[in-house]
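Presented below is the structure to which this report refers.
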Amino acid sequence: MSEVIKKEEMLIFVISEMLKGMRHVAVGASSPIPGGAALLARANSSTDFRVSMLGSEEHNTFTNGGTELFDCAAQGRIDAFFLGGGQIDGSANINLVGIGDYPDTKVRFPGSFGSAYLYYLVPRVILFREEHTPRALVPKVDFISAPGTSPDNVNRPGGPYALVTERCVFRFDKKKARFRLESIHPGHSLEEIIEMTGFEFDEPSTIRETKPPSSDTLKLIRGKIADEISETYPAFSSKIFGS
Amino acid sequence: MTKHFEKVETLVSNIPDSSKIALAPDYSGCPMEAIRALIKRGATGLHIIGVPSVGFQGDMLIGAGCVETIETAAVTIGEHGLAPRFTSAIKNGTINIIDGTCPAIHAGLQAAQKGIPFMPVRGILGSDLSKHRHDWIEASNPFSENEEPLIFVKAITPDITLIHVPLADSDGNVWVGVRREMMVMAHASKKTLVTYDKLFDGNLLSEESMAPGTIPSLYVDGLALAENGAWPVGLFGNYPPDENHLKIYLDMAKTEEGFKEYINEYVFEPKAAE
Amino acid sequence: MTKHFEKVETLVSNIPDSSKIALAPDYSGCPMEAIRALIKRGATGLHIIGVPSVGFQGDMLIGAGCVETIETAAVTIGEHGLAPRFTSAIKNGTINIIDGTCPAIHAGLQAAQKGIPFMPVRGILGSDLSKHRHDWIEASNPFSENEEPLIFVKAITPDITLIHVPLADSDGNVWVGVRREMMVMAHASKKTLVTYDKLFDGNLLSEESMAPGTIPSLYVDGLALAENGAWPVGLFGNYPPDENHLKIYLDMAKTEEGFKEYINEYVFEPKAAE
Amino acid sequence: MSEVIKKEEMLIFVISEMLKGMRHVAVGASSPIPGGAALLARANSSTDFRVSMLGSEEHNTFTNGGTELFDCAAQGRIDAFFLGGGQIDGSANINLVGIGDYPDTKVRFPGSFGSAYLYYLVPRVILFREEHTPRALVPKVDFISAPGTSPDNVNRPGGPYALVTERCVFRFDKKKARFRLESIHPGHSLEEIIEMTGFEFDEPSTIRETKPPSSDTLKLIRGKIADEISETYPAFSSKIFGS
């Protein structure tokens, strides 16, 4: 087995580490890496660990139609979820709608999906955006699909926990409404991250390197997880794992 | 009473231009054969609603110029992401977009299902979405002692729900299994038109195991058989998306010319759905 | 994770006194064996909610002194009508009654299911019911140009849903078929405890035909096998009510003494449920 | 076949006559006579006629649980429904809760069921109360489970159409909020009805006798309808039809 860890494998591992101790993790549409991470966390969990994956028939236990994921989150039965964004800013506001003056956006993204809901209700929302460039991580999003924080009078049990990119992990500080650099993936540097991040963030006094998966974990990702994820994401699975 | 139509073309002739049509996402029940029939007939001015998002069928209708307004939480083609004709139409300002969020669309339909004017919805507050929604009201939770804001989402009553399902019976009952968003759509809509893959031998409501996943004929106005009718999108529990074909589409539909070639070949040619 | 209990007695030991318990009507899933176990253990101070009405099980619990408050649209024993112990308790003022109407109870549970503080409900206005409901607010429809009044019904969040179903599997999924009020109850409640007639061989969610009528184990906290567990009320699709036995009950339960004799014979005696 | 028409047979026929031209009639709990009437109207209908009967497995096409009957009515998909009442007054207010000072009612009825909803939403609500006495038909109900009429600003497409008792048929005049005697069942008299009715009502200039079922219809009631109704109401069916 090649020990050269692919970026996707690294990201699956990094995100799975944030899911330890969860009881129920839900994964939205078009999310192969978060999906892989949830399945990996489940495989490594010694306690009851449930994964609900939109678009999957195997890993989807919902029986009440499209509304159930959202109702389930509102009932407090979902511990972690993933959101992305065409743009993400330093206050953890996310934009899944487009760039430019809405509605005549010059670049149009698919749309907000359930972000303007789940971001408020799921306690641990992990932002995931593979592309780490000033274009993706901006000072201020052009359109707020869902805000990073809300005023005190808004009933909001949920919100952003961390932001994972191809270069690093940021943790979100809700009180300061600001990201703090948590760790840098192997092969990347602080200078690069500062240069490639459009928003300002807090830096820790010492810079930690993101821990890569062990060789056992890598085996698990390339075997069982690759297999499980291919049911929902065949194109992704065949591209990354060649299976 | 549910009418059985011999041809999908006749079924969609019951959809007037400018109708407000509820559609399911790619992972649910997409009536692709009916969508092709709508394009063939040259339907115009449609207001399509993604429940809660819409994929290939929405992009096709938009590309063919059938759509005036799209109301949805997202437009995305399966695993492939961006929908080319939608993206281009937004850029060129040729369609109106009403951006929503999944639970608000479900809530609006559920309000119509219950005959209530609106439904309160959690979340949404502080999103730019609500700035552009005149059918959402920010109000105060009357059960809270503090001034807790809430969004009230207006009921959504589609003129027509148009879906494809795996099974229907001769009494007009249709089976949607766990894809119950289609049941809410049918309850909430003025009319429901359905294409189906296979005729169920018997009555779906008389089978204890089938009844729970069945929309009773009470809500079904018209039906037509369309074998493999969700192709190339795929039908939950029955057949997967035809990924190769979707790639062909995505490639061709990058440009308007390419899209025209695509529909000439796959919609207007007689061997369209084979 | 769903716990499997060997005995119904152990299952109901998870219901603290003074719990707010949602119960199904006689034509749905009545956990009679569990109700007998609650009476045997001497449960007290219960707040029972009929979804939307309650029958034999409610009358039994009331007669045995387990109930402090009953919230329901009606109390009626199948075709037989008036429930003797309920009627007597109301006359003697020994229980609190919160009178509702079916759709308001469903709406309250659906509000809890959706995590919203209330649900608007049509009708009700001008009924004396609302005079006595401090959890219902008369408000104005914010989407109407005129001053249209509406009733807002507060969310109902039961501590426990206690039901009996035909089938459950070893993974903790339970099958309710078309009796989906039990699914709403489970979604809305903090805990759901279930007795079942038969173990399903396999996983209910893996069977395409069974999944649509299944409450996933995600919502099921505890399970116990209780063959014929709805007796004497009957179980939809499985066995009819034992009308002769219900007549015996109705006759004996006319008086408090008669009711005591009844529970001595059928609840406290070891051969109770045979 | 005995041509002596039983009261229940007469009432089934009388009510079924009011259901002509309906497309969908729903029948609530504990309603064998309205249930029989709906099934008879369906048997006699040449157009599409649907009966949804609570508590029936055969005549119940609902698949969305207990809420569907009510949602269906709110959608305008139910044309006729039946309500009763421990007390009914001259303004068509109905009381299904109890007699005396609520909540300490000295006589308690089962409860309001869905009356405080369906009475507002179903266009043709037929009130049915077999017992025709001053105790049942009162000047003013002790508790309004659902009012007969509502102010103009209340969205109320539905309401009372008629009141059928063991002695006669009243039609309801929504504008006057008052009943008018429509016909008297064979064997009963106007004097008797005035005496036995606790509320005032309008009288027509000539008194019509209620038309009894033809012998063919009677045969239908005793055969097919008795058989169909026995599925939901075995005790009623065996008592009345001996089947």
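All chains are identified by letter, namely A, B, C and D, in their written order; residue positions are counted from 1 within each chain.
Note that a residue touches a chain if its C-beta (ideal position, glycine included) is under 8 Å from a C-beta of that chain, and two chains touch if they have at least 3 such contacts.
For clarity, every value in this text was computed on a predicted model and none was experimentally measured.
Participant: Strictly by the touch rule at the top, which chains does chain A share as contacts with chain D?
Facilitator: Touching chain A and chain D alike, sorted by label: B, C.
Participant: Report which interface contains more C-beta contacts, comparing B-D against A-B.
Facilitator: A-B
Participant: Using mean CA coordinates as chain centres, what's the gap between chain B and chain C in Å?
Facilitator: Those two chain centres are 36 Å apart.
Participant: With centres defined as the mean C-alpha position, give me the chain B-chain D separation in Å.
Facilitator: About 41 Å, centre to centre.
Participant: What's the distance between the Cα centroids of chain C and chain D, rounded to whole Å?
Facilitator: That pair's centroid distance is 28 Å.
Participant: Can you pull out the residues of chain C that are in contact with at least two other chains?
Facilitator: Residues 107, 114-116, 121-122, 178, 180, 183, 211-213, 237 of chain C each touch two or more of the other chains.
Participant: Any chance you could list the residues of chain A touching two or more other chains?
Facilitator: Residues 62-64, 67, 70, 74, 121.
Participant: Go through the chains and record each pair that touches.
Facilitator: Between chains, contact exists in these pairs: A-B, A-C, B-C, B-D, C-D.
Participant: So in the complex, which bits of chain D are touching chain B?
Facilitator: Counting only chain D, the residues touching chain B are 24, 48, 50, 61-64, 67, 70-77, 121.
Participant: Give every residue of chain B touching chain C within the complex, in rising order.
Facilitator: 107, 114-122, 137, 139, 141-144, 150, 152, 154, 176-178, 180, 208-213, 237
Participant: Show me the residue ranges of chain C that touch chain D in the complex, using the header's touch definition.
Facilitator: Result: residues 25, 27-28, 51-53, 72-76, 79-83, 86-87, 90-91, 93, 96-97, 99-104, 106-107, 110, 121-129, 132, 146-149, 178-184, 236-237, 243 of chain C touch chain D.
Participant: Could you list, by residue number, the parts of chain A that touch chain B in their complex?
Facilitator: By the definition above, chain A touches chain B via 29-30, 32, 54-55, 57, 62-67, 70, 74, 96-98, 102-106, 108-121, 143-147, 150-151, 153-155, 233-236.
Participant: Under the stated contact criterion, what part of chain C meets chain A in this complex?
Facilitator: It comes out as residues 1, 112-116, 173, 183, 187-188, 205, 211-219.
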